[in-house]
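The next part holds the structures, each set out as C-alpha cells.
Both complexes shown next keep chain A, but they swap its partner, so chain B is in the first and chain C is in the second.
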Partner chain A sequence: MKPYLLSVKNLSIDFDTSDGIIRVVDGVEFNLNAGECIGIVGESGSGKSMTSLALLRLIPGPHGKISTGSIELDGKDINQIPVQEMRSIRGKEIAMVFQEPMSSLNPVMTIGDQIEEALLLHETLEKTARKQRVIEILRLVGIPNPTERLGSYPHEFSGGMRQRVMIAMALSCNPKILVADEPTTALDVTIQAQVLDLLKKLRKEFNTAIILISHDFGVISDIADRVFVMYCGRIVETATIDTIFSSPAHPYTEGLLKSIPSKNNLGRLYQIPGQVPSPSERGKGCDFFDRCTKQMTKCSQSKPHLETINGTHAVACFAINNQA
Partner chain B sequence: MNSRPLIEVQDLSKSFLLRSPLSWVSNKKTIKAVNNINFSIKTKETLALVGESGCGKSTTGKLLLRLDQPTSGRILFEGKDFARSNSKEMLGIRKKIQIIFQDPYGSLSPRRNILQIIAEPLIAHGLVSNLTDQKEKVSALLKKVGLSPDHMSRYPKEFSGGQRQRIGIARAIAVEPAFIVADEPVSALDVSVQAQIVNLLQELQEEKELSYLFISHDLRVVRHIAHRVAVMYLGEIIEEGPKDQIFNSPYHPYTQALMSAAPEPGTTSDKKRIILKGDVPSPMSIPSGCPFRTRCPLAQNICEIEKPILKEVFPTQYAACHFSKPNPITSFN
Partner chain C sequence: MSTINKNQGGLIDKSKKNKKDISLIQQLWRNIADDRLTLFFFFVLLAVIVISILARFIAPFSPVDQSLLRINEGPSATYLLGTDQYGRDVYSRIVFGSRTSLILGVLSPVLAAIIGVTVGLVGGYFGGWIDRIAGRIIDILLAFPALLLGILVAAVLSSGFWSMVAVLVIAFAPRFARIARASTLSLRSEPFIDAAIAAGVSHFQIILRHILPNVAGSIVVVLTLWIATAIRLEATLSFLGLGTQPPEPSWGNIIRDGLHNMTASPWPVIGAGFAISLTVLAFNMIGDSIRDVLDPEARV
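Our next item is the complex of A and B:
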C-alpha cells in the first residue's frame, strides 16, 4: 500500500491555564493522501483550529503544547524535528490559509513583496524569475492585471481579493498540503463561490491535498471527499461526504445535521438539548453524554473510541458500536 | 393575517457624506447607502432583507429605528410617518419598534448585570414602579426566552453566545413591541445554537403577533423564517416577493446567482452554479443604469443607459431587470 502523505496519530494538545491543564485536542487521528481533500467540521471550541495549527507547529506558546502524538509528513515525524527544519517545511511542504483576510496580511508591505517573501525563503530563483513567478501565481488565483497589482497594498483590495492573495501566498512554493482554516467564513456568498471554485481548480491542476476546516457543512460537502466531525476536542465520526449525509451514525452528527434549516426541514428546527460542556466540566465519560438521545450507563464511565462500522465510516459511540 | 401594513417604507434614502481627511481638500463624496427603497410589512409577517456586505441592509434596519436619520423618504408605522419625528415622539415609537443586534458580545454592556440590562427599556418607558416589580417582570421575560430567573444577578461574560442572544431578545420584547428589526441575529452563532434562536424567534412571533424585519445573508435561515424576501444590491431592492417564489423561481440574475452560490449540505458539487465575475462595485461609484450590469451575465447596452424599475413579474413578485426570465434550474435546492 502506498504510504500516506500525512499521517496524524494520537494527537493531543494541552493548554496550561490558571484553572489547570486543559486538553483542547484529545487523541485525534487521520491520514491524508496526495491530492485528497478532507474536511474537519465542528462548532466553536471543538478543537478544529488547534488541530490545523498543530500541523504547522504553530500552537500558541508558552501555554499551549502538543503533549502526545505524532504528525508524519512523508513518513517523518515533524513534531520531533528542530525548529530550523520546521521552518523549511512551513510554506514549502505545508502551507496555510487563514480565516481573516483582513488581519493576516501585512498592511505596510505590498502584496508582491509578501508573496515573494516565501519564494525568497524556499526557492533559489533569480530576481526577475521570482517576479515572474509572483505574477504567474496572482494570475492563477484570478487577480486581474497582476503585473500592475504587484505594488498594491492589502487595503486596496476587497475581502475576496485579499483571500485570493492569501491563497496565492500559500501556493507560491507549490506545497503538497494546503491547510485552509475557515477560508470563506468572512466572505459573502457569491465571493465564497469564487474561492471554493478556485480551491477545486488548484486541486485538479496541481494535485494539492487540502485540509479544509469549517463549521459549515455546506462548504465541506461542496469540496471535501471525506469529513471528520469533531466535538470537544475529539473526532466523533468520520465518513465519506455521501455517507455522512445519508446515514450519520453519531447522535451529535445526526443532531447537527437535523438542526440545519433546509428545503425538507421547514417546521420547527431540531435542537440538540443542553450546551457544549466547558473543558472543566468534562468528566471521564463521553463528552456528549448529557445531551445524547442514546445514552447508556456505560457512556458515563469511559470515553468511546473511534471504531469502524462500515468501510471508511467510523464512529465513537458505544450505542452504535455495540450494535455493529 | 391582517391586510393593513404595520410598517410601510416609501422612497427611503440615506446618503453619507464623506469628507477628505485633509480638511483643506474640498472634494466631498456621497455614498448612497440606501437608494429609494419601498416595502411594507404586515402584522405577524416576516420580511427578510438579504444581500451581500455593503448592500445597505443594516442601514435600512437602523433607519427604521431612526438610529440613523433618513436623507429622504417616509417611514409609516400604523399609517403615521415618523421619519421626521423629534426625540420625544420617537420615545413613543420605540416602545413599538425594537431591535435585536448581530453581535451578542458587543451589544450587552459588560458592566451591568442581566437584571439591569433587561430592566432598562422598562424603566425608560415607565413600565415598572419599583425594584420588586422590575425583578418580577425580568424573571418572567427570562423564562420566556428559556433562561433561568436565577441568572438575573449575573453579568454577560458568564453566558455563552446563544444565551447572550437570548438576553438581547428578552430586552427587545420587554416593552411588548409590535415590530422587531433583527439584524443578523443568528450569524455569530454555532449551527446547533442557531436552531434554538430561530425556533425562539418563531415561537415569539406566533405568541405575541410580532412582525419582523429579518436582516440576514444566510439564505438557509431566511428560507426557514421569512414570509417575504427582499433582495438588495448596492442600496436598492432589486427583487422582492413571497419566499417560495424568490427561492423557487428567482427572476433577477443577481437573485439567481445568490441562490445558486450558497452550497447546500448533502448535495454534491455537480450542481449548476452561477459564478459571478468580480466584486460588488464601490458604493462611491455606483454604475450608471442598472447597478448590477458590471457583473451581470445578461447585460446589454440598454442596461448602461436605462435603469430598470421594479415590475410585477408574477403576482406580488417584483424584479428590476430589462431581460431576465425566471430560472427554475438555478434555484436554491
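Our next item is the complex of A and C:
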C-alpha cells in the first residue's frame, strides 16, 4: 500500500496552566493521502484548531506542548526535525489559511509583497518570474485585475477578497497540504460558497490535499471525502461523508446532524442538552456522558476508544461498539 | 454606457499611478507639497540646515567678540537682533548656535531611537527572559531624571559634544524602547504574524518586515517630539558644565544667558526662542507627513 502523505499517530497536546495540566487534544489519529480532503468538525474548544496548529508546530509556547504521539510528513516526524528544516516545510510543504481574513494580513504591506514573501523564501525565481507567479495566483483565486491590485493594501479589499488573498498566499509555493482553519466562518454565505468552490478547484487542478476545519457540517459535506468528529480533544467518530450523513453512529454526531436546520423539519431546532464540560470537569468516564441519550453505567467508568464498526467507519462509544 | 465605463477605467488608472509606480520619497514629497503650511515648514527646515552649514558666511560678526561699547543694544541695521550684556551680536550667535542645536537635537534622538527601538522590538517579540532583562534596564533608566544622569555622565566623562550626545541617548533610548515594546506586544498577537510564521518566515525577518513598518509611524512622531526636548535639554546640560561651553553659542545657552539680562535686553531670548519654536514646529510637521506616508490607510 502507498504510504500516507501525512500520518498523525496518537497525538496529545497538553497545556500547562495555573489549574494544572490540561489535555486539549487526546490521542488523535488520522491519515491523509495526496489530493485527499478531510474535514475535522467540532465545537469551539474541541481541539480541532490545536490539532491543525500542531501540524506546523505552531502550538503557542511556552505553556502548550505535544506530550505524546507523532506527526509524520512523508515518513519524517515533524517534531524531531530542526527549526531550520521546519521553516522550509512551513509554507512550502504544508501551508495554512487562517480564520480571520480581517487581521491575518499585514496592514502596511501591499498584498503583492505579502504573497511574494513565501516565494522569496521557498523558491528560486527571478524577480520578473516571481511577479508573474504572484499575478497568476491572484488570477487563480479570482481577484479581478490582478496586475493592478498587486500594489493595493489589505484595507482596500473586502473580507471575501482578503480571504482569497490569504488562500493565494498559502498556495504561492504549491503546497502538498493546505490546512484551512475555518476559512469561511467570517464570510457571508455567497462568498462562502465561492471560497469553497475555489478550494475544490485547487484540489482538482493541483492535487493539493486539504484539511478543512470547521464547526459547520454543511461546509465539510460540500468538499470533504472523510470526516472526523472531535469532542473534548478526542476523535469520537470518523467515516466517509456519505456514511456520516446516512448512518451517524455516535450520539454526539447524531445530535450535531439533528441540529442542522433543514426545510423538512420546520419545528423547533434540536439542541444537544447540557454543555461541553470544561477540562477540569472531565472525569475518567466518557466526556459526553452527561449529555448522552444512550448512557450506560460503563460509560461513567472509563473512556471508550475508537473502534472500527464497518470499513472506514469508526466510533468511540460503548453503546455502539458493544452492539456490533 | 461606454463613456461611463471609459471614465471608470480612467479613474482606476489614476489611482493605480498614485500608489504603485511611486517611491516612498516621491510619496512624501507629494504629501508635503499638497499642504501649503507643511510646504512652508519644509522650507523653514531646509533654511535652518543651510544656515547652520553656511554659518560662517551668513553671520555678519563673530559670535564670541565682546565689546563694552555696545552692550544691550536694541535691533538696528548693523545688529539685526541687537546685542547682549557682553556686547555680542545676537543674530550672529543664533546663526552659529544653530549648528550645535541642530546636530545635537537631531543626532541624539535618532541614535536613541535606533537603540531603543531595537531593544523594544526584540524584547516585545521574544518575551520571556529577554524581555524581562530589557524591561528592568528600561525601568532603571527611566527612574533616573535626565538631569541627574547628566551630572553623572559629566562627572565620569569629560565635557563636550559627545558626552552630551551620550546623556541624551541614555535618557531617550528607554522611552523609545517602551513605545516600541508596547506596540510589538500587541502586534505579536495579531494573526498576520502567525500567518507569516506559518509561511516559513524567520523571526528576524518578521521583526524587520512585519513589525517594524507597523511601529515606524508612531516612532517617527515621537522622534520629532524628542527633537524639541533635546534642543531644550542641551541648554540645561550646558549649564551643568557638560556640552557647549561659554562663550560658544547654542540656542539653549543663548536663552539661559539672556534670561539673567531680560530687562536690559530681551532680544537674545526672543530670537533664540523663536528659532527653537520654528525649528521644532518644522520637525513636527515633517514628522506628521512621514507618518502619513508610512500608514497606507492615511494615504490619499
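Quick notes on this structure:
Rule of thumb we're sticking to: the second predicted complex is superposed on the first by the 324 of 324 C-alpha atoms of A that agree within 3 Å, B and C clash if a C-alpha of one lies under 4 Å from a C-alpha of the other, contacts with A are read in each partner's own complex, and residues count from 1 in each chain.
The definition used in the following text is that a contact is a pair of C-beta atoms (placed from the backbone, for glycine too) under 8 Å apart; a residue touches a chain by one contact, two chains touch by 3 or more.
Owing to the predicted nature of the structure, the values given are computational and were not obtained by experimental measurement.
Partners chain B and chain C fit side by side in the overlay (superposition on chain A).
In the superposed pair of complexes, A:S152 makes contact with chain C only, with no contact to chain B. In the superposed model, A:T128 lies in contact with neither chain B nor chain C.
With both structures placed on the common chain, the touch criterion links A:M169 to chain C but leaves chain B unconnected. If you stand at the C-alpha centre of chain A, chain B and chain C are 80 degrees apart, rounded to the nearest 10. Set against each other, chain B and chain C differ in how many residues of chain A they touch, and the higher count belongs to B. Once chain A of one complex is fitted onto chain A of the other, the partner contacts of A:F98 are limited to chain C, with no touch recorded for chain B. In the superposed model, A:R87 makes contact with chain C only, not with chain B.
In the superposition on chain A, no contact is made by A:S280 with either chain B or chain C. In the superposition on chain A, contact is made by A:N106 with chain C only, not with chain B.
Look at A:A118: by the touch rule set out above, it reaches chain C but stays clear of chain B. Within the superposed three-chain model, A:T297 lies out of touch with both chain B and chain C [touch as defined at top].
Our summary of the superposed model lists a minimum C-alpha distance of 9 Å between chain B and chain C. Taken together, the two complexes place no residue of chain A in contact with both chain B and chain C. Taken in their complex, chain A has these residues touching chain C: 56, 58, 62, 87-92, 95-96, 98, 100, 103-109, 117-118, 121-122, 145, 148, 150-153, 155, 166, 169-170. Across the complex, chain A meets chain B through its residues 43-44, 144, 158-161, 188-194, 196-197, 200, 215-223, 241-242, 245-246, 255-257, 259-263, 265-266, 268-272, 275. Here chain B touches chain A in the complex through residues 52-53, 160-162, 190-196, 198-199, 202, 217, 219-221, 223-224, 257-258, 260-269, 273, 275-276, 278-280, 332-333, going by the rule given at the top. Considering their complex, residues 12, 16, 19-20, 128, 190-192, 194-202, 209-210, 213-214, 294-297 of chain C touch chain A.
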